[in-house]
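To start, I am sharing the structure in question, which I have written as structure tokens.
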Amino acid sequence: MSRKVLCFGELLLRLAAPASERLLQSPRLDICVGGAEANVAVSLARLGHEVAMVSVVADNALGQAAVGELRRHGVDTRSVRAGAGRMGLYFLEAGAIQRPSRVLYDRAGSAFARADADSYDWPALLDGVSWLHLSGVTPALGASGAAAAIAAARAARQAGVRICFDGNFRSSLWQEWGVDPAPILHELMSQADVLVADHRDIAVALATQIDPHAADGGLAKAAELAFAAFPNLQRLACTQRQQRNVDHHALSAVLFHRDGSTISTPAYELPSIVDRIGTGDAFAAGLLHGLLREMSDEAGLHFALAAASLKHSVPGDFNLVDAQEIEDLLSGNGFHVRR
Amino acid sequence: MSRKVLCFGELLLRLAAPASERLLQSPRLDICVGGAEANVAVSLARLGHEVAMVSVVADNALGQAAVGELRRHGVDTRSVRAGAGRMGLYFLEAGAIQRPSRVLYDRAGSAFARADADSYDWPALLDGVSWLHLSGVTPALGASGAAAAIAAARAARQAGVRICFDGNFRSSLWQEWGVDPAPILHELMSQADVLVADHRDIAVALATQIDPHAADGGLAKAAELAFAAFPNLQRLACTQRQQRNVDHHALSAVLFHRDGSTISTPAYELPSIVDRIGTGDAFAAGLLHGLLREMSDEAGLHFALAAASLKHSVPGDFNLVDAQEIEDLLSGNGFHVRR
Amino acid sequence: MSRKVLCFGELLLRLAAPASERLLQSPRLDICVGGAEANVAVSLARLGHEVAMVSVVADNALGQAAVGELRRHGVDTRSVRAGAGRMGLYFLEAGAIQRPSRVLYDRAGSAFARADADSYDWPALLDGVSWLHLSGVTPALGASGAAAAIAAARAARQAGVRICFDGNFRSSLWQEWGVDPAPILHELMSQADVLVADHRDIAVALATQIDPHAADGGLAKAAELAFAAFPNLQRLACTQRQQRNVDHHALSAVLFHRDGSTISTPAYELPSIVDRIGTGDAFAAGLLHGLLREMSDEAGLHFALAAASLKHSVPGDFNLVDAQEIEDLLSGNGFHVRR
Amino acid sequence: MSRKVLCFGELLLRLAAPASERLLQSPRLDICVGGAEANVAVSLARLGHEVAMVSVVADNALGQAAVGELRRHGVDTRSVRAGAGRMGLYFLEAGAIQRPSRVLYDRAGSAFARADADSYDWPALLDGVSWLHLSGVTPALGASGAAAAIAAARAARQAGVRICFDGNFRSSLWQEWGVDPAPILHELMSQADVLVADHRDIAVALATQIDPHAADGGLAKAAELAFAAFPNLQRLACTQRQQRNVDHHALSAVLFHRDGSTISTPAYELPSIVDRIGTGDAFAAGLLHGLLREMSDEAGLHFALAAASLKHSVPGDFNLVDAQEIEDLLSGNGFHVRR
Amino acid sequence: MSRKVLCFGELLLRLAAPASERLLQSPRLDICVGGAEANVAVSLARLGHEVAMVSVVADNALGQAAVGELRRHGVDTRSVRAGAGRMGLYFLEAGAIQRPSRVLYDRAGSAFARADADSYDWPALLDGVSWLHLSGVTPALGASGAAAAIAAARAARQAGVRICFDGNFRSSLWQEWGVDPAPILHELMSQADVLVADHRDIAVALATQIDPHAADGGLAKAAELAFAAFPNLQRLACTQRQQRNVDHHALSAVLFHRDGSTISTPAYELPSIVDRIGTGDAFAAGLLHGLLREMSDEAGLHFALAAASLKHSVPGDFNLVDAQEIEDLLSGNGFHVRR
Amino acid sequence: MSRKVLCFGELLLRLAAPASERLLQSPRLDICVGGAEANVAVSLARLGHEVAMVSVVADNALGQAAVGELRRHGVDTRSVRAGAGRMGLYFLEAGAIQRPSRVLYDRAGSAFARADADSYDWPALLDGVSWLHLSGVTPALGASGAAAAIAAARAARQAGVRICFDGNFRSSLWQEWGVDPAPILHELMSQADVLVADHRDIAVALATQIDPHAADGGLAKAAELAFAAFPNLQRLACTQRQQRNVDHHALSAVLFHRDGSTISTPAYELPSIVDRIGTGDAFAAGLLHGLLREMSDEAGLHFALAAASLKHSVPGDFNLVDAQEIEDLLSGNGFHVRR
């Protein structure tokens, strides 16, 4: 049986101030490739899966470099094409202690956002695919992105390809576009087998309110509403994050199954965080890994949380760890130097 | 009498591959501030003049940083305001030997380009100003830029402020906009007292052809046509560049006066060029310096050429040299270590 | 009413070993501009105030660069002049865990220290000024510095300009000079409306002993003595620092008012400190901000403490944060990524 | 018809002193991936060809990184496997002016050198392949390398796959092994359709002497002997290099055809060389490009020389240029900034 | 009385990924010199002792650089000679939070490992020497290393030179060699006056099992067995490390004396570790310092622990601190900035 | 017979702007150790000679680091002591093309300049020494430096130690001190066996004028005067430099012998200079090497010129080349890559 995963979304270039500097404090930026769905693709490739990316990049050296980076990490990039428009960028200023990290999006007019929603041949792209991964970033990029994401999801459902949808609600992008996200997100979540989503993602999609001040942050209520609203949904999972300060978090995870079972984990303490970006994507990739490997939900959730936790120690957007390293953490093999 | 200079144009951020690397060959970029008119402003400030910038930057940390850099070098930035839109960027890959340098513009949708042409109070901005400096980049950015540049020029002419216009023809920007540049450039050149322009700038503005294969590259013909077409024009000057290879040029200059006199200089050999960007702006600033200091045309042209030549040894867009260093080169003080 | 602040003191260049290296462990230094009073000036400029610096720098490229950095951050540097002598330097080796940070002063013979005390035209410099900020570093630099600081304070008092004096007692500098600091500091504190000072500053100025082992570190006693001795003094404030190790502190603050009221704050925990230098100057600037904005003493003290705390996350001497960021910390807006 | 190229050889890690420093002068090294045949593979991939690498790397993070770099640039790495042994390294100290560059090989005991010659399934690897590229480095690595190279060449000849062999004679490697290179190289050259070789390569393979002091450096004689000795040989080509100093060369090329025709080119002057390593591999890749594109020998030789010349401007082992850039140089499109 | 210390062992080059990056994530490595016994030598030299190194390095620029680094820090390197073979390397990837640090040894075939065991003139080398320091790394490098270490120990014993042996058991090296370590280590420990060793070192040497799950990690049992087996042994000491996560440890130490007395210390908390490598060597050097200075065992053990703790704050293999800094930590002089 | 060389002079720290940047253009400096006489010492050590340094450094981490660097390169530093005062610094801005390099001395008040002239025990220091090397920098540092240099020279003459004196006239230092250099330099040159000096050095010492516009730059006249005035003088040598631009020189050398013979060399062309500083010191060291090795004057002069020429390719103050590399250049071994 095929185990191939298809990820659809925008490739971004991340331009980060070095170390703990403020943006442009010194005349240098560190640059790497990111993007929510691309991060999932790279994670899965490094975990040993066959994974392909569908995207559109700028027809210039920046676009080629972004594609090259995905290929370097083992992602099949033959379905990433060049198109009119620029590369989406984001500027990152990593915070410290009490000074929050800042992300300055500069992605308007990107080749991906400008690509025609009809330009993707989904039946061909989905041929031989086991899972399709989408996130809430793509529909927030405008009419083309929304239409393309919906077309992809419908085609996948029709082709028997399972769908993982990561909420990733970005209110600033939706505000920039100026439409009501609810019907679009509702449609996408309706197609999903797995949702990575918190109370806010569900509340927005269902155009309702969920009280986040419940002990569980409103997650049980969100799950209840989600399973009621979305008939294909089997599992809803997310991380829970306590931010002691900017670079010290505690991270746990919870998974709700349509059968009513709920699994939750203890929290990992993560002091001295190296890079917080992409940790949610690492979690989504970990979940997919568990499903592809047919782990129990419990094993899969622990794997996903360990993957997400390890990402906090890796610079850049990508979770550059392999399955053995995650298993080592889960096995409690300790923190001594490996020689 | 006032000697204040006003420069109007876009501030850009330049993102350059380090050393001689290809773009994104390694995961680092060097960043600095530039923009044709800002480069002139910084040059003039370092040459000891009172100079103010009029511009619009993004309302974020990048925009603030760009303004801070101009202020650092002594430019009055009180008339630079923040507006909706992004910062214009350009990616630079410095070439070497036979591999040309590449500039990748990423400036669509910038705060400057999106600023309303009516939002500048030119009479107030020009109060107490001696010279206004504009370039052909601004009108190429779209309807707002073109209208604003023309409004500035007309207000200056009306206020008795002299105008220096640097052709800086960028065909890719005009093509992106999709209008005929001729009437716009014609109007701007009509207001100018001084043009920094070559045969192509004049040919475009006059919607004619000038044969660049004449011994002088068509410059005499261009000057003849320009003085005939533009009644306010007193001087037309430009550099002439022989490119032996990517990092070895020879640079000379020529100036035509309405009275029919022509001044030309011998060429400086410039092997092992450090940074070629901004050398034309350094030339324009040098010319303005000569006019502000009431040098003879001959002295002013030699000063401008020496300024432009020295810029080839300075990394970044700005010509970080002072008047004494330029005078030293003109005096033939030699190349020994200054202790 | 004017809100302009005038800061008087030496600009220093800081030469720091990169990351956590020992000094000269690798052949590279990071360089930035600092100096106690200049740090206050930059903080205030970034908090939105009109602030001017009075100083003397070396007449060379280093001096010009230092002035440019202040201008970059919005400080009016027209009253910083070049003079005979060198730039004061300090070498910094940032410590870690149990290895203390080390500062190696190399400021003897600086242009500032050598400047004639009579060379400042205080009535003109103080024209239109609301507050004068001085610190105990300047009088410690020798007879000229001491005389100039006293002249500035007296002129300010006479002109109705309020005075903020930051004790900043540096015993090594006074020992180098070899005079008794008491009468000089007594005179300066006598002029001050606001003192940023701890028990040692007051004890030295009053040539007395204050037991630091009291529960409050001797602060109440110091305040009592200070209000008795210094008739113009309205407020005395300082931070209290518990150093759990070299890069983990807890920071609180206390303020005493002449009316007998005392305000103290809870402590912020500051693990993984990025840069400890300049945090006291950030506190002084925060206090002045509160006074300029006419905050209550309580609000002002909390603002100053938050400003000082945030400085621990910013590399370099300057507190590169704006008022909104400080307000965010005070409002408990949390540590999540700002997108 | 298939156009796929197969390259067989060792992947190396290059550890270079930064800029013009002596090795370990400062505590930093720049690292990149290289190896003669891998360089050819990357060149061809960037020129748009389908190209696969056959190699063995260390079974560790270094080996994986090397493979990732090839994949990044578009090389099919599915036939690169991990094996027992270390990664081959070389330390590079780039020279300047009169100080020659130095390469310190540290490749003994590498996974590639230790790989069993029988472990490659050549018929399967060569399936669908048009050209096999080998070089004289592989047989110099020891008995396994020599046997594997010969097996590959024989299998290719049998399968109708054409063979390009680059002499790349490294006397230090042969001396380390301690065998007579002549019979091995003779066998390999006997299989080749195209040789990239100079007088020394031919002299060694034929165990004869060729006088390099002839006007053409002994090339005509070498070609005459080669065509006589090697029945399958159709073309012999090489570059000719005049080294004016360490970073200023002049480079030309010559090609001999079995039909007796000889083509030679004028020389490109290459002052201020950025990186001299890998230029011969860039030439070989250019030749193969011409053959794959069915260019005339003259066009192909000029293309190969232009490719090799451009490599001198690119840091690292790989020739990171595309076909358009090479065509631009051949067309004399000039050295101006591309905007 | 002589106080000279002789250290015998291999010099290694350490090639480390910068900051918290994965190996080869970016194309740069930081390089420094290390090696267990060399680390002890440098520590002792910086603590003010006369110390000489006996070793063999590669006969190339890398070997010379390694020797130069030892000399830089005050080690007498006249008995380090160049020999056939390469420099031993190790690649280091520093971990973070839950991601362990990784050391990739690349030292097979080194000049040190290949040096003939008979090539050292121990009587001459030991002339005037007070202590010989060896570690368990040297005998693990193969027959030559083992024979040389044993010869050195026997010659020292004969010459009345006291011997400190640091267990440093590296199972991967012994497995590579493929012999039983027990008789070799037993012989070496039989000669030692001081052992730095934990339960595993002793268990291996005695070919027995020691239960590490005892409250003290099996140390008392190990000491009991060691004193019974090794007649010359006077003291056995080691650190005890609780690894809260990869960069937060707690470190204490214990020392057993043949007279039955046991000394143990409280633990230092070490959050935000800068560099964990070489901390054991810093401990051994601290112990030797105490013995050379004739401190009490208690004072010496505390000194050694403080030295080892401080090493966690210093980048690189060497413990670049002086005795005063260690004394300051022991005196509780606090963590404030030293000005 | 002893071959030991003693060098006496100040150790400086050089703080250089990176690459071709203006000073403080970016917030980073590259730091290395230099000083005219120390440069000679390091050169000689790397050429295989026994060489010791006599100097005084600051009693802090900077002074220790400077000493460590000399020791690293093989110089005996046991006679370098720490004293009151700071480290002398110089800031370097390397020029390019037509922009001259700039050296900003910051050495006033250094520990060396403040050291008591009587604090050196010359008879002991010169014991077993063959040559003493001094330069004109030391006497220019003030009364102590001048007295110490003269005392050293006299003691050497008395002890039969030969003296090499490098003129190194620094007018800015003499002006700062404010005395007439003639009698001091006359006295020093009177003791010298070898002078490295040009027409200006001699003219100053003899308080006369020498026309530099003669074909040989006044050298023959200078030599004639020098041999007449200085009875111990056997040889006077210097380099001649044509500066085509800032980074392209041509360098030749000339040597005059008391016997009337004159030797001159052809010029080396040195385009793309990496580092011009310390090239004169490399020449002096090369001359001393020839004398120590008892080369003919012709061979020695060529060796010295080749050494000086190679220094132009080495970053930093030190000439990090060995004798074999210089011999290779003299032998015309070519510029190919050494593998």
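Note that the chains take the letters A, B, C, D, E and F in the order they are written out, and that residue 1 is the start of every chain.
In this text, a residue touches a chain if its C-beta (ideal position, glycine included) is under 8 Å from a C-beta of that chain, and two chains touch if they have at least 3 such contacts.
Since this is a predicted model, take the numbers as computed values, not measurements.
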Among the remaining chains, which ones contact both subunit D and subunit E?
A, B, C, F
Between B-E and C-F, the pair joined by more C-beta contacts
C-F
Farthest chain relative to subunit A (centres taken as mean CA coordinates)
F
What is the size of the turn, to the nearest 5°, that moves the C-alpha atoms of subunit A onto the matching ones in subunit E?
120
How big is the gap, in whole Å, between where the Cα atoms of subunit A centre and where those of subunit B centre?
45
Determine the centre-to-centre distance between subunit A and subunit F, using the mean Cα coordinates as centres, and give it in whole Å.
63
Just give me the whole-number Å value for how far the CA centre of subunit A lies from that of subunit D.
42
Which subunit E residues touch at least two other chains?
19, 22, 27-28, 102, 271-272
Can you check the complex and tell me which residues of subunit C touch subunit A?
19, 268-274, 309-310, 312-316, 320-321, 325, 328-329, 334-339
Going by the contact rule at the top, pick out the subunit B residues touching subunit A in the complex.
15, 22-24, 27-32, 60-62, 65, 86-87, 89, 91, 93, 102, 104, 106, 108-109
Complex contacts: residues of subunit D adjacent to subunit C:
26-28
Parts of subunit F lying in touch with subunit E, wherever the complex brings them together:
68-69, 71-74
Taking the complex as given, what residues does subunit E use to touch subunit A?
19-22, 25, 95-103, 105, 170, 172, 243-248, 271-272, 276-277
